[in-house]
Each structure stands twice: as C-alpha cells, then as structure tokens.
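Each of the two complexes below includes chain A, the first together with chain B, the second together with chain C.
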Partner chain A sequence: MAFVNLKNREVQVKIVYCGPGRGGKTTNLEYIYKKFHSRFKTEMVTIKTQGDRTIFFDFLPLGLGKIKGYDIKIQLYTVPGQVKYNATRKLVLRGVDGIVFVADSMAVRRKHNILSLKNLQENLATYNKSIFKIPLVFQYNKRDLASQGIPLLPISTLQKDLNSKLKAPALEASALEGKNVAETLKRIILLTVASLERELK
Partner chain B sequence: MTYCLGQPELDGIEQILKADLIDVGVHCVFLIDMAGNIIASLDNGENQHDIYSLAALAAGNFGAVSTMAKIIGEEEFSLLFHKGQKESIHFSKVLSDFLLITIFGQEISLGFLRLKVAEAIEKIKDNLGPSLGV
Partner chain C sequence: MQGLTNSTLTAEVEKKLHDLFQEEQDKDVTQVLDERIEPEETGSTGKKETSKEESPLAPLKSIVLSLDWEITDEAMDDFLRETETLRSRCEEDQVLLTFVQILQALGKYIKRHKARTHPDAIRLLSTSFESLEKAFEDKTLSDVDRKALLDEKIREFMSLKQAIASERRGLGADARSALMDVETIKEAVKEAMKEVVEEIRAAIREELEKVRSEFNSLDEKQAVRGGWVNFSRTEEDDKPLPIKGN
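So, the complex of A and B:
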C-alpha cells in the first residue's frame, strides 16, 4: 500500500524480502546497509531472538532521490523465514508493494524454498493480492558455496521449482559477498516504481 | 492499493494534530498507515525521534497485539500504551487502516491524553474519510 504525499511530493514504498529461514534475507539488508551507509540517516532496525534469528522483521528506510519530481522513500523489510513465525510474517506483508524472494541454493534446502513460496502466495492471498501480479524478483542466494564443495541446486532446477509459472526476473547472488545484492534491489525498485506509475495513471 | 492525499487534507490533519495534541503538551505525534507509511508527523521541536523506524515498529507492534487479541477471542485491545520513565507512547486506531501514535511526558495524564486523542481522531476521520471513500 504505497502512500503518495502530494503536499511534500513524496512516495513511500514497501519492499519485503521473503524466503525460507537462514536463506540470507537479513544478510541482504545488512550488506545494503554497510555498503550504502552514507545514504542512511538512521540505523537498521532488527528484531531478533537470542539465537540471532529474525523473529519479527528487519527494517531499513532508503531515500532514492527524486523521480519525476517526487521524493521516493523505499522501506525495506525482511520477514522471519522460519515456518513457526507465520503470524508475524503475515503482519509484515501488510501493504507490501514489491517482493524479493531470496531462495537458498543449497540442494538440501530445495523443499524449504518451495514451501516458503507457497506460504508467501497464501499470505498474499489473505490481503487479496496475487503473487502473479505483485512486482517480484527472485534471488538465488549462496552461489558462492559451490567453491567450498557444497552441493547446490542448478539454476535450471530453481527456475523450474519456483519460477516456471511466475516468470519473474531472477538473479544468482551471494549476499555474504555482496554479489548481485545491489542489482537485486535495483531490479525490484524499478519493477515496483513502474507498477505504481501504472496504478496511478 | 496505492492512495494519495493532497495538500488540503494533509494541512487539515496537521492543524488538528497541532491544535489538539502538540499545543496541549504532547512531545511528538504521527499518523501512519498499517503498512508503516507516515502520513503526517509533528513534534514540539525539542523531542525529535527516528520516526521512520518508530512508524515501522509501531505498525508491527499494533498488528502483533491485534493478532494476540483475536487469539484470545477479543476483537481488539482498545488501549495500547507503553509507559516509560520520562516518555510514554500511546497508540490509537483511526478508521480501519490508520494509527495515531502520540509520545508524551509526565506533565500530561493518560486520561487527559486519551480524551484529546479521541477528539483529534473524530476530526481526522472527517478529514480522511472523504479522500479514502470511507
């Protein structure tokens, strides 16, 4: 639910990073925060358990500058990935404008990716939103683990499992090393802003 | 759903927040939607907070408490208030999709604040309602 403030000429947009637990959603935000530190006026907010797992959400507000005379403020959120935290995950998705689905490339996590995507579809449906219509970008994370001999899912398998019907943009990434983290963010911002423009016309 | 509010509505809301809340001693007040977007915010010039983070956390907090209410069979908890040593924070729902958050010190009693918040909300509803088709 983006909000356009015609008085201050400001648009506030909500982008949420979803995906299975331990997939790298928080690491994406931490990298963005570290890399573009000078652009943030505030600290990144995280609500974690003692075991360092996201229990509610991480939050990072990002000023994009002006597009067509409007100040674009992007609010980045992550959801908790673990299955048991569905109630809080659903709350964070309220009013979402764009989604990055961070999939875990490790072969042992194949089922978790599929279940997490299905859960996302169900949660969006409770807000009368369709996963087929909302701006969405896939990020196939942890590709760097291949060099350590950890079995990874081939991109073709990830595409078939997750993106065969959705046909959303997909990027290979390593959130830990920062590979394609900024590119993923750029893609989802472009898609989301374009979708808002269409909606407002 | 994307929604727009123009200068007359936003000016109206700010006037209400100033006259009914800031002018009676509230430190900081902001109106947000349930997605955590900030619609209007005002402070007394002395107590400035990171309102973007506060808005995100307030929306999440309110959502979490509402879900707790439903689990125990309540429609909602009508009073949501956190008391601090120097400053306290009060949450109030406005229509179905908005929240009014007030941060205030010890110089105002909770009862008086609730009264002023209730008055401000009635006026805000008149302001927001037509723009949102409610």
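So, the complex of A and C:
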C-alpha cells in the first residue's frame, strides 16, 4: 500500500512498469522525463548495461503537488525485462501500488508477453498481492512498427492472450513516438489513487 | 486522513493530471480499448495497419530486432537464411550487396561466439541493417550518399575486426608472458636450490673438518694423560721372564 506520512502530509505512490525485455518500459519513462521534466522538476535515475539494457531499474519521481493538503508523490519504476533478472524484478515490485504492463506488439514476442505476465503474477503472489486486484493498465506498445511492415499481433490477440481474464484498461501505444504514453500514465495514476482512496476509507 | 478519504480526491488528482499533461493530451491519439471493441473495429492487425507494401527487408528487420533481445541458434540460422535470400536479390547493386556481406560476416561471427561476442558486434549489426534499410528504401539518396553510408559501415566493420584481432593478440601475448613467467620462476627456483644445496654441503664439510680436528686433538691429549706413548714392541719385551726359585 502507498506510503502515507501524516506528519509531513505526504503520500507516496509506487507505480511499476512491467513487461518483457525490449518491450519499451524504459522508453515510456524516458519519454515522460524528456517531455515533462521541466514541469515536474525531477531527475530520472537509470542504470543500464553496455547494450543499453536495464540491469537494475529506472526510477522517475513525479510530484503532483498539493491535493487536499497532501503532497502527492508518484514514483515510477521499471523492472529489467530479461528473464535472468527475476530477483531484481521481485525486489522492485515490493510495495507496488499500481502496474503498467507494457506488452510488445511484435508477433515474434507473443510468447514473451505471456511468460512475462505469468512471471508478474507469481512475483506479486510472493508479496500476497493478486494481479486481479492490483490497479493495472495494459499498454500494447510498438504499434508504429506496423507502418514499417513488421508483423504485429492483432489487438484482439493481445487482449485474448493477456487481458481476457483481467479485463484491465488497455491502450495502443508507441512509446518511441510518445503516442499514449502520457495517457497510460494518467490512467494508472487515477486507478491507483482511486484504489488507495477505497483502502483508506 | 479525513482529507485523503474524501471522495473527491480522485477527481482532484484527475484535474491535476489533466493540467500537467494538457499539451501532451492534445497531441495524443488516444484510443482506449475495451472488451466490446472487435478486432475489425480496431483495425489494428499488423497486415491491416501496414500503410505501405511489405518491404523485402521486413523479415530480416524482425529478426534483427529479436536478436537484440536474445541470441539463439535458431534466430541466427533465420538471420543467415534471410541474408542469403537478400543477397541473391541484391546482386545487381554493389552497395546493397556489400551491406549484406557485412551483415553475413557479423552474423557468422555472432553465431560462432554467442555470449563471447565482442559487445560492439551486435550494435554494428543493428546499425548496419539500419543503413542497409536506408540505402534500400530511401529513393532520395544519391549514389554518393549511399556510398558514404556504406563507407562508414565498412570503416566500423574494419575497426571491429582490428579490435577483435588485437584482443586475441593481447590474450596470446598475455598467455605467452604468463608461460615465460612460469619458466623464469622454475629456473630461479632451480638456481636457488643449487645455491642452498651448495651452502648446506659447505656447512657440512666445515663441520666435518671441525669434528675431525677435534678428534685428532682429543687422541693426542688422551695418549699423553694415559701413558700410551710407547705401544710398540721392544727387544726387552721378547726376553724370557726370570724363573723364581732356581
């Protein structure tokens, strides 16, 4: 659950971008940072390997400012998507309040999307959290590749593979071009805050 | 906490987010999906969304992108097969053909070395493909521009080759110098052992000399003290003893 500091009247909400490796999680955060960092006056922390892959995590704190006398701070994290970094993934998921699952629309990544979602469900279960209950938004990324002739999974297939049971909001996106990146973030923040509101009542 | 649990919190956050992302929202092509939207309505299948005819490079591009994610034998075989197909299509165009040859050389190297591949090889494979794509599809490029693209990749390819070769040489030299070190150490130990043995021998010899001279001087002292000076037989010793009573 979100960290609420009554003394400082501060609420910290942790949102984690999950999904298979090379799906565009870091690109989402980079776009938000590049586009809006002057408004949020924030710095992005990122640790990458030589091949530009996330090895630990990316971290982007965003301050929404005062709302009802409380300072709302959103912490955005990505997890490394590569299979071998499950320990780090699990660690970053500790205390998560909301999840954006960035699925890769490329046809060749279909299996990786499914495995990554299963892995997320298992990792959440270790923290006694249910993927069915946690605020979740799907982002079907890389839709721009269709214009380059790259075979993509139809949205219906992605929905069937990943969202048939969860029935979470889903958006088509191109993190590289910034399409629906901010909308995805807005969706998850609203879902998470609403969930937090319900928990605090 | 009362303030937080107020039901208008979400609405306030929404308003705040709207203000913060205002400019972006205007540009967003927002399409939120739900369960009721049929695939036909989304029009989002790969084939349907393709705005231009599928490029002959598309299958190779897909493989190059997937190689960035993981390198498997299967992916590398697909890659080499695709480059071979492409090669036969590019035989008329020297620039494209050379690009494909660079890709093939890199592909074979990566397949052979996998995890031990030089870190720049994957990056070069990816950027070489991008340049090939540009040379293949951008009809506005002049021959000079296409040649410049190719020259850049050839330069990078050659410097990668040099880097790999010098790394190997470096490894060989290291190994040789390590072997030389071992031989030198062995020789030094042998020499040291010889010196030690000689020193020990000399010490023993010296000790023996001392003991011998000690013995010699001991013999003479004892002989003087015990009256052992004349042990040799004399004529007197051979004379018969006088008989008493006669």
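The criterion applied here is as follows: the second predicted complex is superposed on the first by the 197 of 201 C-alpha atoms of A that agree within 3 Å, B and C clash if a C-alpha of one lies under 4 Å from a C-alpha of the other, contacts with A are read in each partner's own complex, and residues count from 1 in each chain.
Throughout what follows, contacts are C-beta pairs under 8 Å (C-beta built on N, C-alpha and C of every residue); 3 or more make two chains touch, one makes a residue touch a chain.
Bear in mind that the values here come from a model prediction, so they are computed numbers and not experimental data.
By the touch criterion defined above, A:L120 reaches neither chain B nor chain C.
Once chain A of one complex is fitted onto chain A of the other, the partner contacts of A:L200 extend to both chain B and chain C.
In the superposed model, A:Y77 makes contact with chain B only, not with chain C. By the touch criterion defined above, A:L162 lies against neither chain B nor chain C after alignment on the C-alpha atoms of chain A.
When both complexes are overlaid on chain A, the residue A:I189 reaches chain C alone and has no touch with chain B. When both complexes are overlaid on chain A, the residue A:I150 reaches chain C alone and has no touch with chain B. When the two structures are aligned on the shared chain, A:I15 is found in touch with neither chain B nor chain C. Looking at the superposed arrangement, the partner reaching more residues of chain A, out of chain B and chain C, is C. When the shared chain is aligned, chain B comes close enough to touch A:V96, but chain C does not.
When the shared chain is aligned, chain B comes close enough to touch A:K7, but chain C does not. The intersection of chain A residues touching chain B with those touching chain C, taken from the two complexes, comprises 4, 6, 196, 200. Here chain A touches chain C in the complex through residues 4, 6, 11, 20-22, 35-36, 39-40, 50-51, 64-65, 67-70, 72, 105-109, 112, 143, 146-156, 159, 167, 169-172, 178-183, 185-187, 189-190, 193-194, 196-197, 200-201, going by the rule given at the top.
Against chain B, the residues of chain A that register as touching in their complex are 1-8, 12, 14, 42-43, 45, 47, 56-57, 59, 61, 73, 75, 77, 87-88, 91-92, 94-97, 196, 199-200. Within the complex formed with chain A, the residues of chain C that make contact are 1, 3-10, 12-14, 16-18, 20-21, 24-25, 27-35, 37-39, 42, 44-47, 49-55, 57-58, 61-62, 65-66, 68-70, 119, 122-123.
Considering their complex, residues 1-7, 10-11, 33-39, 50, 52-53, 56-57, 59-60, 63-64, 67, 97 of chain B touch chain A.
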